[in-house]
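In the two complexes below, chain A is the common chain; its partner is chain B in one and chain C in the other.
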Partner chain A sequence: MLKNHPVLKHILGRAAWYLVTFLVAVTINFFLPRLGKANPVDTIMAKVSAGLDTKSANAVEEQYLKEFGLVQVDAQGKVVRGKSGKALKTSLGSQFVNYLGMSLRGDLGGSILQHPKRVSEIIKTAIPWTLALQLPTIVFGWLIGNVLGALAAYKRGIFDKLFYPGALLMSAIPAFCFGILLVYWFAIKREWFPAVGGYDEGLTPALNAAFLSSAAYYYVLPFLSVFLLVVGGQAIGMRSMCIYELGTDYVKYAKLLGVKENKILYYMFRNAMLPQLTGLAVSLGTMVGGALIAEIVFSYPGLGMAILTAIQSNDYPVITGCCLLVTTTVLIANFTADLLIGLFDPRIRAVQGGKP
Partner chain B sequence: MMRIRERSKKLPAVAIIAVALLGSVSACNRASGGDGDGLPRAETLYVAGRQWGEPTTFNPLMSSVQWPVNNINLMYETLLLYNALTGKMEPLLAESFAQLNDDIEVSLNPAARWSDGKPVTGWDVKFSFDLGDKNKSLPVSPVWQYIDAVRLLDESGKEVADTPRDTPDYPRRVAFILKPDRRNPLVVLDWLQDARIIPRHIFEPEIQKHGLDATTSLKFDKDPVISGPYQLKQYSSEKIVTERRPDYWGNNALHAGKLPVPRYVVHPIYKSNDHFSIALRQGRLDMSSTFVPRIWRKAEKGVHAWLEDPPYFVGTGMPMLFINVKHGPLADVAYRRAMAFSINYVDIRELAGSNYSEPLQPGLIMPSGLEAQFYSAADAKQYGVGYDPARAKQTLAEAGYKSLFNEKGDLVETRDKAGQRVQTVYIKSPTGWSDWESIVKIAVRGMREAGIDAREKFIDGNLFWTDLAKGEFDLIMNTPASAPSPSKPWSRFDAVMTTQDFAPEGEKVYKNMGRFNDPKAPGYIARIDQLLATIPTLKEPERSAAYRELNVIFMQQQPTIPLMYRPDQFYEFSTRHWTNYSTATHPYLPPQIPGERCGTGMLWALVPVAQKQ
Partner chain C sequence: MKLFKNLLKQPSFLFGASLFLLTLLLALLGPLVFHIDTKTRVGLAYMEPSAKAWLGTDHLGLDMFSLLIQGLRSSLYVGFVAGTIATVVGTAVGVYGGYKGGLIDDLLTVATNLFLVIPSLIVLILISSSLEEGRSLTLIALLIGATTWTWSARAVRAQASSIRARDHVALARINGYGTAGIVALHILPYLLSYIFMVFIIQTATGILTEASISLLGLGPYDSISLGKILNEAKTNEALTDGAWWAFLPAMVLITVVVLALYVLNTSLEGVFNPRLRK
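Let's look at the complex of A and B:
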């Protein structure tokens, strides 16, 4: 039946594969952080056990383990104990079943380290900052980088000679290094921009002129630290793609045929664009993971730091929740890219649809 | 044609989405009760270094609560305050205290009030402590190892029943009855300056109605009933803001009717240590309790520390190597002492410690400050171990160890008396704690040069604490009992040598993690536990003599290897917006940051720079 609808068949086929990938990713997300020897309660205990005697420390530890569902609890809510009087640990299997049940209900659970905060709360406060930093840098960096790269490839000459080394430098410089240099030059040497934070400490986030202008002012350096690198990277890629396309037979042939330059440029751009489009999809997908480097260098609010802290302290629910978010967005972005490329690239359409 | 038009539509759409998302930042982060104009800089004191990561709960019943609840007395107050400069207990909720033979009695300040106007009564105090007796998981519970009961007395000294009522003659005298078999007034005093007193009329009904577990998961972040001078105003992942309470009881009772000077005390939350230094330099931060490298180069920017010259800070903590004395050669005292001889403590102080401490002296007693009264230079000279590579080798040789070096002079292995290869011992430290990593590297270098087969082992920060408590290490970095408190140096000895909670390797303990002086093993030194039990109740000169004896045993036995001194509570400050901080030249308060115990008193003494001009 689907034979008559090659596009639909293509979409459904891809969707099935993405679903499988999703399930595998969710399983890995769950098990990977829990495979280590340490558990999150150890981290909490390190903080709270100072000065405690063994008995109180054990009581505190057991209370946390119970709170986070890491030990077995009977029907009355009492901790189940083994022969030695020690609390019995909940098996990974039953934790997984519990987790799947909660995930299906849309409940990401509560943070362990930041108890009693919910994971969804953590994501909700961090994600606007992450998107505000990431989305414009990625989208504008991608657009401008690609246009500049294509221009450099096409124009060559003095523009390329100046632009190419600059872009090469930008694409090669490590993000943290560039961020620190920006801070040193523009925040410490000359105090033009603030070095840390997302807005003036005296303000409260709200929709008013004072806050928005402060946020914009604080935005400049973190934005530049990511934006310039994206532009550099994209431009380098686009430039070499275009140079490659310029040397292909179809361009030469078109030139010989006397096809108009604009038309040739259009074909060339379309072909060179395809890998860049996949790249864009991947970066848009991973962007919710946060610009960790920029967040650390500038103490900028965002999700990257939340994930890093969670990983460092084995905060399972936060790791799993954030990874679930990243997994979902990456898969959605890739899926969309897949479909778009199918639409844009006649070769792929041909293979998938079985028709020329 | 279709496709080209589609593409041209995309760009504006992307731009619109971007703008919309930018806008949503502010929309989603809108906090309640904030005023758009912001906090006036001249009336705001920015302090930092006591809150890392996002604030989660302000519930005083939790062990891991956030600034300022965990550091005491901006919001919730303690009965007394320990002044580390004078060694005296200063009044707070309690106006006085008396140490009798079998109990410690405090008298509450009759002016003390909760923020809802109710008086702070003996019933509140008893409730705050009794909760920890019934529930071992509460932070105050360890005090019950040392006390039998908390009793309420009326003015004539008669016991008052534990039934709170609204009455003007509520009990103000509270007696803490010491356990006869574990009489330790020092630790109880520690707790009187540690335990937050909470409003019974808020907590008791809540616990009765919903149970303790449900109560501990409440956040207490919306105008909680407190007794302290600053109320929580708002918080986010970037900062915590507290605001002065004009009706704070202590303004009249303790500060001669004055208000604290800063209207707001704000704790910004940064993600990296460097940011505190930068913010201090730029005057965005007024005080910080964080590590600031090369503090002497910041003076031109108005950033200073307690002392103007090295060591700049007052050390109260003693980072040291805990040794698991049950592991191979570490059971041998000679091997432990050889290790202690082989470490270059000057390098550690200068390279790993930024020269922020005084030269290390042998033993567990600090040679300076209040502890100096118990310190004996003669003992240190006679029994102590310092950096001396030649004596390290000599000690090894005398105990029959042989070290094999290759032609390049690098250690190959160490052999014992019987000619058997001695196992390599590993020094554990959390990865990424760069100062500790440097210390460990310096220690390993010295040990290997002396012929001791030691290596560094940097492990995951989470595993570190478990390994430490379980005793799963050869040597491990740790700073026991580092905060200044009335029980120093007793609590440091206790943390290192007590066998009170002794447990075999694999079970968690939080004192004597090196399993030193096993009470069931031959060679058990009962004298150590005797001294630890008696010192808290001894008077001078017996107390000093006992401390000396204990310190000599420590030096002879070397159960741990102290490495340097480190400040635990300290601050750097910027003079750009505020002046009149307490410093070594003008030491009106101990070096504690406002919001931390005695340091809070500084809030009444600070002078804004703008006003002076």
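Let's look at the complex of A and C:
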């Protein structure tokens, strides 16, 4: 049945592939932080145990061990004890099973630094900021960069001579460096824009005009810091792609036939776009990472800042929770790009009725 | 030889190469020519550039110029180590998969594609944050190399499998060459220019990645790097204090090194790939 629906077959194949990738990512996310000796309960205990005698410290520690699922618990919710009266440790395997179950329910555990706050709550307040910053910068930056790159390749001449070095410089500047430059120039020297934060500190996040306009004002510099770099990087890739297309027979033939310039440009653009779409899928992880780092420069209240704060205080559940979310988002975005490729690539559509 | 002459004719190659050599010389000869001291205080916090401290002082009163030279050395070191690992592992996996094919190739391709989509920065954050002690510069370089080789593997594999289909490889096979002989004599030589370009890009990636994780506070404990200088400047309010010398020079150095490598790469691409030369 699938043979007659090549696009559907493509989609299902990709979906299965991403499911496998997701499972690997979840596994990595669980095991990597547990490579080191550090354990969340020790971190909390270092903070709260001061002034407690050994017995009550042990009781408190057991409470925390139970909460983080590090000791075995029976059906009544009581800690299972061994012969010596010590609590039995949960094996890494069953910790992993618990973790999988919790992750699927959207429960990422509790924060250490902001105990008893849940990681999912922290992420919930951070994620709108990251999405608002990353989605437009990457999507529009990618589109505009590709159009400019195609134009530079086709027009050559003075436009290309000016544009290409600029784009190359843009693609070489790390997002965080460009961000620091913007902050220094436009926020500290000129005071045109605020230097840090996502909104005026006197306001509370809500959907009203005062908050939204403040957020928009604070948005300008972080947006520019990522957007211009994405444009630069994409334009360079598209430019060399289009130069390659310009040398192909179909473009030469179309030129000899006297086909209108705009039409040739359109054909060329369409053909060069497909590898660029695949390229987007590969570079998306890097772009998202770069934008997360840029958030830190602006102390923008998104996931990047959440990860930074968590790293500074060894808040492992928050680090892994944010990392899992970023990975999942990148996977979903890649899947979307793959679906678009399935829709646009004539080679996939052409495989009708199982014929190659 | 002709290739080299072609290269020297390219202004962009000359620009990129001289820019990169300049930073390399600064890093290698800096400690010999200038007095480098990153341990003793030469003044108060965030002192402006003066004759005594050419680029001012940092938040502890240390000489910024010395810190920069030391930071540049570390960053280049991380870049080279990470770039070498990523290139060697990527080439080995790519050439093997591209030439041999078969089940192992399928498995390698699956692994490569898996780790291409999972953001390497995230993997690095996860590993580095669990290694509380012992995050040395070399370890960071090794980790970066271990997470970025997938990109080179994919790029090299595509090239290797296209060369496999060429006639001279078939001829070598008919003449009884073994796999090792064919790879060493008939595939690698054609890939060398490409692998060199991969190495350049991976070195730049290594420098950028180190700066990124250092900025997150996951930098090396045993040395100063350009990313760590930026991290210190950011956490110690250099930006809001207007102490430009605490972050601007470090930023310029990172950008110059990466730009030089990128320019070098595109100019090489222009020479190695005659289609782009017009």
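We adopt the following convention: the second predicted complex is superposed on the first by the 264 of 356 C-alpha atoms of A that agree within 3 Å, B and C clash if a C-alpha of one lies under 4 Å from a C-alpha of the other, contacts with A are read in each partner's own complex, and residues count from 1 in each chain.
Rule of thumb we're sticking to: contacts are C-beta pairs under 8 Å (C-beta built on N, C-alpha and C of every residue); 3 or more make two chains touch, one makes a residue touch a chain.
Remember, predicted model here, so these are calculated numbers, not experimental data.
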First, second, both or neither for A:N146, with chain B first and chain C second: neither
Which superposed partner A:S225 touches (first chain B, second chain C, both, neither): neither
Which of chain B and chain C A:I296 touches, first, second, both or neither: both
Partner chain in contact with A:G247 - chain B first, chain C second, else both or neither: second
Contacts of A:Q312 with chain B and chain C, given as first, second, both or neither: both
Touching partner for A:K55 - first (chain B), second (chain C), both, neither: first
Touched partner set for A:N29, first chain B, second chain C, both or neither: second
First (chain B), second (chain C), both or neither touched by A:N271: neither
Partner chain in contact with A:T286 - chain B first, chain C second, else both or neither: second
Footprint overlap on chain A, where chain B in one structure and chain C in the other make contact: 36-38, 183, 188, 195-196, 296-297, 312, 314
For the chain A and chain B complex, residues of the former touching the latter: 36-40, 42-63, 67, 111, 113-117, 122, 124-129, 131-132, 135-136, 139-140, 143, 183, 187-188, 191, 194-208, 210-212, 215, 295-297, 299, 301, 305-306, 309, 312-314
Contacting residues of chain C [partner chain A, same complex]: 114, 116-123, 125-127, 129-132, 151, 154, 204, 208, 211-212, 215-218, 230, 234, 239-240, 242, 244, 247-248, 251, 254-255, 258-259, 262-263, 266, 269, 275-276, 278
Contacting residues of chain B [partner chain A, same complex]: 11, 14, 17-18, 21-31, 34-41, 44, 46, 53-54, 56-57, 63-64, 135-137, 139, 141-142, 145, 213, 217, 219, 234, 236-239, 266, 268, 270-272, 275, 278-279, 281-282, 284, 460-466, 469, 481, 500-501, 503, 508-511
Chain A - residues contacting chain C, complex: 20-21, 24-25, 28-29, 32-38, 168-169, 171-174, 176-177, 180-181, 183-184, 188-189, 195-196, 236, 240, 243-244, 247, 281-282, 285-286, 288-290, 292-293, 296-297, 307-308, 311-312, 314, 316, 319-320, 323, 326-327, 330-331, 334
